[in-house]
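Notes for the one structure printed next.
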Amino acid sequence: MDIREFLKKDQFAASNGIELVDVRKGYARAKLVVEERHLNAGGIVQGGALFTLADLCFAAAVNSHGALTVSLQSNIYYFRSETVGATLYAESRELDLHNKVCTYQIDITNDDGQLIASFTATGFRKTVPLPFEPVE
Amino acid sequence: MDIREFLKKDQFAASNGIELVDVRKGYARAKLVVEERHLNAGGIVQGGALFTLADLCFAAAVNSHGALTVSLQSNIYYFRSETVGATLYAESRELDLHNKVCTYQIDITNDDGQLIASFTATGFRKTVPLPFEPVE
Amino acid sequence: MDIREFLKKDQFAASNGIELVDVRKGYARAKLVVEERHLNAGGIVQGGALFTLADLCFAAAVNSHGALTVSLQSNIYYFRSETVGATLYAESRELDLHNKVCTYQIDITNDDGQLIASFTATGFRKTVPLPFEPVE
Amino acid sequence: MDIREFLKKDQFAASNGIELVDVRKGYARAKLVVEERHLNAGGIVQGGALFTLADLCFAAAVNSHGALTVSLQSNIYYFRSETVGATLYAESRELDLHNKVCTYQIDITNDDGQLIASFTATGFRKTVPLPFEPVE
């Protein structure tokens, strides 16, 4: 099993239509095409849908290093609202990688390259055996 | 339409089984029973599911004041993992309410009252007409 | 050397008039009397002064457990501004304590008990020898 | 009075040796040379000193737009520790600018260009008259 197959087991992301489109060592990109089911009561994409898109991207980027990594905390800033039909991309940027702790920032953009939201998270790198093959 | 009916239109929360159990002026409580579909690849509840639970609770609490409120940013801290069968509750606490801006903290606890995660968000209160009847 | 003496070596806090008033296991309280030198250009207490007050309180609370603890990240929410003459108190609340990681929330209040700011931080607990006697 | 003179009235930044080195419309850069007085009890630069460096840079960048702007919340992530003799720079990046709200990210780097800390803040833009001449 490689990391892509492992992360297909993220049922919350998968059942909400969030897809991993690229994973390399220390990097990931994920995608969400906004449908009715992703909207909040105000008719725009729910914050939790944006958060989940970013979180899957974070999980792929951090686990690509070959240490099982859990999230300690995250924050998200919202800049623009989107609605049905928009395609949103999450792309990771490694800010810091230490032995036990790492920090990644995930930008969410739309098809026009506009910044929709910015997410940052702290990962804690466990010393348990990896449940998948490391990324080369 | 009252605020409960309005928030039933939050399709992301509803389609993920998140339910509002109480709304009063400046206060809300929401609930999630963890199923397979809420898990991440590691077999524990996905951060995005916890975030969405807290975010619906936040939306109910802030909008109860009678001003349409959008989220500017949120952060979430994770303390314990939960898996299938757990019932999780999100409960709001108003930290601050100004004319244009408000801050709420949402605690997520399990059935044993253990703190699972803590979420804080800043809301921006718009001056558009409310799409529902104010909470008395 | 006990933890109070150790934290007196925090020169940034000390040189800015921030004082530790109580330290117990998992708990601390700190104090700042606002002077001209703590103000920003708008004539209110600078965010960095509030942050430093909270950060010293955090350092005392987390290190009281007997593991040298460094901060990974912090956030602060501002609710009210204060100016010269106000006495501000920071008080810690332990949200979570694991073997390697802990999370504390610090409330800053004024003499009337009003909430001025709320600070949360994630600490990483190192496995180096403590440079002071543990708190009983 | 221009914005540089206005921000010299930030007594907390000034009294702690933090200096604004560049301000343009939507952009600022600030500097801190680490001395003994900026250290914490562990002998590294205190989080509050880094925070204050970033906060002054944020204040300059956001106020440069010609609307008096206050901070609603900030977060800071720490990546590396520095000590006496290091020169630290804070540089702003505008993530978002709306009519009432803006978000800026401030990177703190050392002389070798290494990322020391990353700070993000939400500003609220007031509709009061500016106490200084707008930046052209």
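Labels for the chains are A, B, C and D, by order of writing; each one numbers its residues from 1.
The rule is short, and it goes like this: contacts are C-beta pairs under 8 Å (C-beta built on N, C-alpha and C of every residue); 3 or more make two chains touch, one makes a residue touch a chain.
For clarity, every value in this text was computed on a predicted model and none was experimentally measured.
Taking B-D and A-D together, the pair of chains sharing more C-beta contacts is A-D. The chain with its C-alpha centre at the largest distance from the centre of chain C is A. Rounded to whole angstrom units, the spacing between the C-alpha centres of chain B and chain D is 32.
Computed centre separation for the pair chain A/chain B is 21 angstrom, with centres defined by C-alpha atoms. Put simply, the C-alpha centre of chain A and that of chain D have 29 angstrom between them. Each of the following residues of chain C touches two or more other chains: 72-73, 75, 77, 103, 122. Contacts from chain C toward chain B in the complex involve residues 75, 77, 79-80, 95-96, 103, 105, 115, 118, 120, 122.
Residue ranges of chain A in contact with chain C, taken from their complex: 72-73, 75, 100-101, 103, 122, 124. Listing the residues of chain B that touch chain A in their complex gives 6-13, 15-16, 36-42, 45-49, 51-52, 55-56, 59, 68, 70-78, 81, 131.
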